[in-house]
Amino acid sequence: MNLIVVFISAALINNFVLSQFLGICPFVGVSKKMDSAFSMGIAVTFVMVIAAMVTWLIYYLVLVPFNLEILEYVSFILVIASLVQLVEMFIRKVSKPLYDALGIFLPLITTNCAILGLALYAILNEYNFLQTLAYAVGAGAGFTLALVIMAGIREELELVEVPRAFKGAAITMVIAGSLALAFMGFAGLI
Amino acid sequence: MTEKKNDIKETQDPAKTEASAEKQAKKEVPAEKQEKKGASAEKPKAKPKPKKNPRAKLFKSERMTIVAPAPHAKGKQSVPRIMYTVIIALLPAVAASIFFFGTRAMVTLMVAVFSAMVAEFACNKIMKTGVTIDDGSAILTGLLLAMTLPPTFPVAATALGAVIAIVFGKQVFGGLGANIFNPALIGRAFLQASFPVKITTWTLPAFASSSAYFDIATSKAVDTVSGATPLGLWKFEGIGTHLKPLLFGNIGGCIGETSALALLAGGIVLLILKYADWRIPLSYIGTVFLFSGALWLIDPSRYPDPLFMILSGGLILGAFFMATDMVTSPVTPLGTWIYGIGMGVMLVVIRLWGGLPEGVMYSILFMNGLVPLLNRWTRPKYFGEIQEESKKK
Amino acid sequence: MKEKPAIQEFIKGLWDENPVLVQLLGLCPTLAVTVSAENGLAMGVAATFVLVCSSFLVSLLRNVIPNQVRIASYIVIIATFVTIADRFLAAYTPEISKSLGPFIPLIIVNCMILGRQEAFASKNKLGRSLLDALGMGAGFTLALLVLSSVREVLGSGTWFGMDIMWASFSTWKVMSLPPGAFLTLGCMIAAANWINRRRQT
Amino acid sequence: MKLSTFKKGLHPEDYKYLSQDQAIETLPPPDDVYIPVQQHIGTPCEPLVKKGDRVKTGQIIADSSAYVSAPVHATISGTVKDISKYYHPLGMRETMIHIQRDGEEEWEYLEPIDDWKWTPKEKLLKTIRDAGIVGLGGATFPTHVKLAPPDDRAIDSFILNGVECEPYLTADDRLMVEEADKILLGMSIMMHILDVQKGYIGIENNKPGAIARMQKRVVELGYPFKMVPLKVKYPQGAEKMLIYSVLRRKVPCGKLPMDVGVVVNNVATAYAVAEAVTEAKPLIQRVITVTGDGVKQPKNLMARIGTPFKELFNVCGNVKDNVNRIFMGGPMMGMTQYHLESPVVKGSSGIVAVTGDLVEELTTFPCIRCGACVLACPMNLLPLRLSKFGQENMAGELEDYGVSNCIECGCCAFACPANIPLVQWIRVGKLRLREHQAKTAKEKA
């Protein structure tokens, strides 16, 4: 039950993009086309889950026992960066179609604050390992959901005349604001 | 029959022709031109000779007609007609709320409509598009927004909500037809987030205290007029409300939430005229009924009965007038079903387990966001497409 | 090619290449921490500090760092300075540090900072890199300041904690919430687009 | 009884009462005819006569050696005055043969056939070709090609199209009432050529006279045909819709009716086939409805092909002063005429002049995604999307959403409350998709 609560909380109530403001850059940058948005969402979720697990292990098995919490940021970001590299190599080896679909998005993920943010929040919220896992899956699902909804809306908006000043990032922000308003309905759930 | 029709036409004709005599004359082609074509059996009629019309040369026939692509026939629908009909369909509910809440409700309604129109006009001027306040959509947005507010909501905040609704709900997307979210609900959601206390300060109808079957009124002092909505009462205090006041509107709540009967009357008119897709109210309310009904059967002491769920809060208003907003609802029939069911599920979830007593607004806004996806994923199979696939198999 | 005057590197960051409004970089902290002007300013200063320090180091080491591991090295450099900034804030302004929360460490992945290292500091001389970093940092802080001022004034009726609105003003709580952040930033970007187009024509 | 029909579509006001009761009146041969040399879909014909030649009624004056083509005949006896470009009712200027009448009718008949039941099918097909018969419902596809499907297509049903779903038009209706025998004869000749046993006659229920008359003659003459009265709905007369209404078969996208074993022909075509086979008359005239509230006396006229529209209006008491639109064909798919010298062609089923203030019609609003067009589209497409994709030149989406399936029936534009010229934009979309496909094909090659 507890895990479901963590999952729903991360996916809907505290949606990473719409209420935590994490991963805004890919949210603005990769939400133009539905296909790439979906691929990006899946890639981020994938990396998130692995990164959350690895950073959790590092924090509690290495940093805490050796009193090295000061190295938290440096070690986390290094883990994430190398993890992304590894994942990229792994996918390229294992599945060509998957690599073609996700390939170009993987390098971008290193600088996606949603990943580091996830790792930091998991530590901050003092989640145990399983909770961290549920948290990562939920956050990834929420990120993908927001990205896909936004991509759908932006494709729709290509067919209408958005005022010139609002074209692009500005209208994306307004839509994100409206979506955030809509997501406020989830508040207090659970 | 035929003759009669022609007669009428002809009696109408002279007035029309005289009015545009000069126009007609200009359309006439120089007489000499026609003489040259010996084939013409009929002599040109005695009409004033045309002056100069450079375009006349292009048309050797007797008169100029409109050249346009097919079809040359048109249905009777038009965008302003739809908008104004929806406004008229809302009037019974407006009348009911004024009856129950008095002039204060009227002030809120008027402020909202007026601010919406002013905002629309200002946007038109700033964006240098044609003035579009006469198409009725701004009036409708203002009206719908006011219907979702408590009768005693501050005037300035009402105006703010209307401006937000028009500017961020509609005009930033490019005006009518371009918006993704229901503008009135964007305005309302903005106000809900901004003034969470004021927007939940409900007023009881003016004569509610004298009505015997309204439990809460008796517990309050005579001069207090504020009270909670039936949903709020149920959620936070565990007090139920009888169905009869819910139906007639003798309850606390938003301006437009009160009289279910008046709303239904307007809504059914819209369904009959096909200005609202019948699938949306049906699937929305139907889902709420089935979902909450199932829960009620499981544990009637914990969950309210389904009729209460349907008649309380803004469900009727939302289902008939807001969810059915053409711009923000799916265009495909299948998409429409999913849209309605999604809203119903979300509404019940928010009402029963969420932090807020009411979720109509959020359920509609959330599903609005999904509409582009629904439209995309539920593209109907075109005629003959299915067979092609089955052949492949 | 004629070299631009060095001061140009500073000025461009303020408006023409403003990281937030024009380049759309570093949006996450921009939106997240701008509930109050104080927070916005603190975040701006912290980010500027990290940006300037890492630009300094990267520019200095630009010929030493091997090309293959440059991104990793930048990240390590940035992460180091972020840790310093974080500890500093936690020690001297615990209030602010608490309200900024994990967004201080998230400066590491702020694409504005990494972007400047990759695009500028690793290719330019020390002086220019410093000016560029200062300009970008100033532009970032400026944008944050405006955004956070709007949100604080409307959302809480105060500015840097001072009551400035009239007594009967009822605060728009939504401005302190995520939707308000998105809507305000959307308007700011639109305004920047509009002004830029005006200037061009 | 619930009448058979197809899904979606709509029912515009049909205005058939204007001319439904007007018996077909034969227009005397006009003094001048302008005969376009291209009057069918397929390979264009070349003129076989030159300026100054004397021609007889029914003489072939233009032909092509290609298979998918039909010859063109002189429709009056007289002298060829000129061969040059004149106004064509479809809007462009086309090569036409101008013949001026010089006296009495002199006929040149086709090779007569004694008893069609014992004549080889090849000969019947040749006669139909020589008679210049094309689909007279408006599509103008050469009939002899339609009647000779490739061997691998097993044809089992024949549908006679008496639907005439376009508002205003009553030409087919009158023809069925007055010439039922000849139509049935033409139908049985075509079924004989195709070697098909099952024949259906589809007529919309707003033509009770035609249904009764045809039914009566079918019984009296002992034909095995089945009458199928159909619910009044546009575009029932479109081949794909009619096949679905009558037989519940769906023609797959990009395929022809013969792929589902059906051949559909119009009643006017059947009439022309009967005339050609039994009376050796080539196709030189057709029934055309002259109607609309802008015409003083709406009529159904049997007119020679090549007669200028002006002549038709003269017979009908001319058009009223406040006419503001004249179109050939029905209001849903017809072409507006800007020139009344344009002649009657084989595909002209009617010429309609309407009055009325159309200013309101011309003000368009933005699309409000009401979905009226989706509910109207008989092909189950999303016209609002297609038109936008056409406007924005999005080739990939155009293909995904099946723009090429659009039959341009005009239902969407009729239903649109925002008055968006949807059909126009979809046409643009089709064109752009074709351009795009040609470009990619070129790149691949």
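Odds and ends about this structure:
All chains are identified by letter, namely A, B, C and D, in their written order; residue positions are counted from 1 within each chain.
As a working rule, contacts are C-beta pairs under 8 Å (C-beta built on N, C-alpha and C of every residue); 3 or more make two chains touch, one makes a residue touch a chain.
Predicted model, so just to flag it, every value in this text is computed and none were measured.
Each step here moves to a touching chain, and the least such steps from chain A to chain C number 1. Counting contacting C-beta pairs between every two chains, the top pair is B-D. Legend note: the chain whose CA centroid lies nearest the centroid of all displayed protein CA atoms is B.
Centroids built from CA atoms put chain D at 60 Å from chain A. Between chain B and chain D the centroid-to-centroid distance comes to 42 Å (mean Cα coordinates, whole Å).
Centre-to-centre separation of chain B and chain C, using mean CA positions: 43 Å. Chain D has its Cα centroid 69 Å from the Cα centroid of chain C.
Shared contact sites, meaning residues of chain D that touch two or more other chains, fall at 366, 385.
Of all residues in chain B, those that touch two or more other chains are 168, 172, 174-175, 177-178, 189-190, 193, 375.
Shared contact sites, meaning residues of chain C that touch two or more other chains, fall at 174, 177, 179-180, 183, 186, 190. Viewed as a contact network, the protein chains fit none of the simple shapes, being neither a path, a ring, a star nor fully connected.
Interchain contacts (touch definition given at top) occur between A-B, A-C, A-D, B-C, B-D. On chain A, the positions that touch chain C within their shared complex are 18-25, 28-29, 70-74, 77-78, 81-82, 110-113, 115-117, 120-121, 124, 163-174, 176-178, 180-181, 184. Put simply, chain A touches chain B in their complex at residues 34, 148-149, 152-153, 155-157, 160-163, 166, 171, 174-175, 177-179, 181-190. Note for the complex: chain B touches chain A at residues 127, 168-169, 171-175, 177-178, 180-181, 186, 189-190, 192-193, 346, 349-350, 353-356, 359, 361-363, 365-366, 368-370, 372-373, 375-376. Touching chain B in their complex are the following residues of chain C: 170-175, 177, 179-180, 183, 186, 190. Interface of chain B with chain D (complex): residues 1-2, 5-6, 9-10, 13, 16-17, 24, 37, 39-42, 59-63, 65-75, 77-82, 135, 174-178, 277, 326-333, 375, 379-388, 391.
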